[in-house]
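Two complexes follow with subunit A in common, the first pairing it with subunit B and the second with subunit C.
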Partner chain A sequence: MVRRNKEIYCYGIMNLTKYLKVYTKFLHTSLASELEYKTNILIDLITAILSLIGSIFLLSIFFQNSGSIGGWDFEQALIIQGIYTILNGITNTWFNPNLTEIVKHIREGTLDFVLLKPIDSQFFISLKKIAPSGFLEIILGFCLLLYCIRINQINLNTSFLTLSFITIVCSIGILYSLWFFISTTTIWFIKTWNATEVLRSFLYIGRFPLNSFSFSLRVFFSIFIPIAFITTIPSEVILGLSQLWKIFLEVVVAAVFLFTSRKFWVFALKFYSSASS
Partner chain B sequence: MISSFINHKIFTLLKVQYSNMLEYRVEIALWAISGIIPFFMLNIWTNNNLNESINISDVMLSRYFLCAFFVRQFSVVWVVFSFEEDSLMGKVSPYLIQPLNPFFRYFAQHLAEQITRFPFALIIAFFFFIFNPESIWIPNIGILFLSTISTFLSFLIQFLIQSIVACLCFWTEKASSIERLLFIPTLFLSGLLAPVVSFPSYVKSWIYLTPFPYLIDFPANLLSGNPINVSGGLFMQILWILLLFPIFKKIWFAGTKKYTAMGS
Partner chain C sequence: MEKNIIDVRNLSKSFDITSKEPGLKGTIKHFFRRQTKSLKVIKNISFEIKEGEIVGFLGANGAGKTTILKILCGLIYPSEGSILVSGYLPFRRKENFLKKITLIMGQKQQLIWDLPPIESFYLNASIYDLDKFEAKKRIKKLSEMLEIDEELFIPVRKLSLGQRMKSELLAALIHEPNILFLDEPTLGLDINAQRNLRKFLQKYNKETNATICLTSHYMKDITSLCKRVICVHNGTISYDGELDLLLRKLSPVKEILIVCRSEEDVIKLENSGFSVKNKNKNEITIKIENNSITSSLKTILNNFDIEDLYINEPPVDEIIGKILIKKDYDL
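Right, the complex of A and B next:
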């Protein structure tokens, strides 16, 4: 029994090193191919900066004549912008380039090659590519967040850092599951490129505090598309306003989402019948 | 003779593209749904009583955002993405040989897509009225006609801007990133997320000189019955088209001269 456990343990470690090794190769190849378009990266940087300026401009219009929206001050609402920018950067760096590729794999039948590889297909499909321009957005988001922490006079301590780290990681998990879930439906519908566009436009709501919406939309955005969990709860945690049960709920929701998206992928693969067959 | 020939061409192009677009109706429906951001914005405005300060009633604001949704639906342009793909795949070469500017093909594609999109937009408007029954109104024929024209002009402005960007594909492989950059001011300044009236005065002082407020804010205000300078707005739209068209022509001729088919 002990020996068997040890074997499993060793196998796990070996697996992990193998996946890490494969991932560094992915990073290398996709960075090399992306850096060919250097001016593109510069343009993307300007786009990210302008987009942040634009959303702060929009927020300032909302706060022009009112002190608070849904109980959030301007300085507090900026935290949501910061978190949104970080998450959007992560989406643009990892989720968007990879998961739109699934559509191509399925339409052209190249998913066969992925499935034949001696590596987990979800791992391969979710992490193969990387778009470095999204990094700039992540950095921008962090800068904004640091600025907000200063102007809101939040003291940094370990429990604060761990809690905010946990909630942001959970947000990333939920976001990834949502993207992956929609991309998986391609196996049945072939062309779901526009479905990701719908998700993108819904996620746009994550730029604003959830309390600023009417009750029915709030319910919709907490249950069907859990945008509430993605940006509002981490922001509350950063402000020190969140109750413990909300953080706990976020962890549970993230776990459920990740688990179901995995199961859904495995289930969907049963229906995959290659192209032209 | 020549005019009937051109008519025939346009008609055939439209017919082909329409049947092509009908095949993608689910995609187009999804695309229509992805345009509902104005409704979320409306929710923020009315739920926090932000519209009191800009003197627009709840009903007028909800009509404004519904019209903004409609105008956006019928002025969406994606020519740069099509052209980029075609030029990367080498499909532009056969188009160039034909005695028809390839942009006519894209133009017909857009028009056909709008016709396909129309019923879906109506369905979304129907649901909007179910949730907001007090904002139902019927604009009179004259207003409807004028706003259709101004929406079409807005579409033309965006089509010309994007075609100019698309022509940059002759020089660089990926022109779509420039389009994504241009989309940001369009998103925030056109009035899709907040009516231009609500902008702070330091923005309002120069914004009416740019094409942005004429893309969505002007046609939407016209259609929803909010006060607006009709002749001035239409004049500016036409002025921008007259300004952009020669630029497009120039860049197109320069680009086709520069063009070397893929792999040469």
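Right, the complex of A and C next:
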């Protein structure tokens, strides 16, 4: 029994080392591919900066006539903007280049090559590419968060950092699962570009506090498309306003979403018929 | 005796396909209510392939060749029947199984478009768990066999189709698989590139005893690589056996063009019981059955004043073409 456990442990470590090695290669090749087109990167970087400035400007217009919206004042709402910017950066760095590619893989039949590699296909198609320009958004988001922490006079301590980290990671998990789930449906519907675009549009809503919406919209954005979990709960944690049950709920929602997206992918692959040659 | 590496029993595969009537009305009807029907593309086929064999799958477009290859490498779930490839159930795509096989498709590519092929090779090497030293060794060996060198460092988008195909092969073989599934590997290549690719595959098979399953519409690929062919027609196997035997069955006679020294000999030949195809002055073309070719030629050379003679093999494309288009060709 002990020997068996030791074997499983060794296999797990070896597997982890292999996946880390492969991921390093992914990083290397996609960075090299992206750097082939310098102007494109420059344009993406400028877009990221302008997009953040535009979003803050829009937020300031909303707060111009009233001191607070849904119980959140401007300085607090900036935290949501910061988290949204980080998540949008992650979306642009990893989700957008990889998950939109699933549609192409399925339409053109190149998913065949992915499925025949001795590596987890979900890992491969979710992480093969990166768009380095999204890094700037992530950095800008963190800078904005640090600024908000300072202006809102928030005390940094271990529990605060741990809870913030957990909720942000869960948000990334929920966002990824939603995106991956939609992309997977391509196996049946072949073309689902629009669905991912609709999801992106919904994500814009994540820039505003959930309380600023009517009750019915709050229910919709909490249950059907859990945008609320993605930005509002981490922001409440940072401000020290969140109750423990909400954090627990976000962890559960993220775990359920990740688990379901995985099961859905494995299930969908049984229906993959590959493109004709 | 070599063991079976591929064993297929009573394999069938059905796909659900939708059909659409023409015109705007048909389009609207199709949008709201799709008519789906189940189409059986592979119908109860069985065959075995031995280790080290090179087998060509022949068939018209849509006959089911590629579907068979994709089922064998585990990409498509079979609807019925049993398949064992190297002792594995392919559709489970176990890691050890995937390390033993490779699929090369002439019309699809896995190389990273914007980077030199060498980057894709090292990426594949890490996926197949090869260390840098081993990967380097294999890249060197394969690039020598494929006769590519500088091309390894030029972005894929700038390579010719032939160079790209060679690089695709290298990327697909870096893990030294012992079963190769090749789906029209020479598609679009010029004659020299096709020949080089065939030479490489022969060499690879000889050196590694790898099993090769190949589909191609270029008969030269099949005749120079495959001793055995499996003819697929409408999802069923219409012939499974030696290529030579198939050619002999389909073309039991040879045409002999005989150049005589005089027109009299031509007339004599015409009246000596041979089946004559045509004659022209001192030339005559006769048909002789394959099994009596030696004795017939002996008789002709001994009894007639012959200046020259040519034995014409009917073109393989023509012969194979017959079984690809005819539903119930008697084999």
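Everything below uses one rule, namely that the second predicted complex is superposed on the first by the 276 of 277 C-alpha atoms of A that agree within 3 Å, B and C clash if a C-alpha of one lies under 4 Å from a C-alpha of the other, contacts with A are read in each partner's own complex, and residues count from 1 in each chain.
In this section, contacts are C-beta pairs under 8 Å (C-beta built on N, C-alpha and C of every residue); 3 or more make two chains touch, one makes a residue touch a chain.
Since we're looking at a predicted model, the values are computed, not measured.
Superposition note: with subunit A as the common reference, subunit B and subunit C can be accommodated side by side.
Partner contacting the larger number of subunit A residues, of subunit B and subunit C: B.
Once chain A of one complex is fitted onto chain A of the other, the partner contacts of A:S201 are limited to subunit B, with no touch recorded for subunit C. Applying the stated contact rule after C-alpha superposition, one finds that A:R150 touches neither subunit B nor subunit C. In the superposed pair of complexes, A:I43 makes contact with subunit B only, with no contact to subunit C.
Shared-chain residue A:G109: touches subunit C; no touch with subunit B. In the superposition on chain A, A:S66 makes contact with subunit B only, while subunit C stays out of contact range.
Once chain A of one complex is fitted onto chain A of the other, the partner contacts of A:V22 are limited to subunit C, with no touch recorded for subunit B.
For the three-chain overlay built from the shared chain A, the minimum Cα spacing from subunit B to subunit C equals 7 Å.
According to the touch criterion, the shared surface of subunit A, contacted by subunit B in one complex and subunit C in the other, consists of residues 37.
Touching subunit A in their complex are the following residues of subunit C: 15, 66, 70, 73-77, 93, 95-96, 98-99, 101-103, 105, 107-110, 112-115, 119-120, 122-124, 126-129, 155, 183-184. By the touch criterion given at the top, residues 37, 39-40, 43-44, 46-47, 50-51, 54-55, 57-58, 60-62, 64-66, 69-70, 189, 191-195, 197-198, 200-201, 204-205, 208, 212-214, 217 of subunit A touch subunit B in their complex. Those residues of subunit A that touch subunit C in the shared complex are 18, 21-22, 24-26, 28-29, 32-33, 36-37, 108-110, 112-113, 115-119, 270, 272-274, 276-277. Here subunit B touches subunit A in the complex through residues 24, 26-28, 30-31, 33-37, 40, 43-44, 47-50, 52-54, 172-174, 177-178, 180-181, 184-185, 187-188, 193-194, 198-200, 203, going by the rule given at the top.
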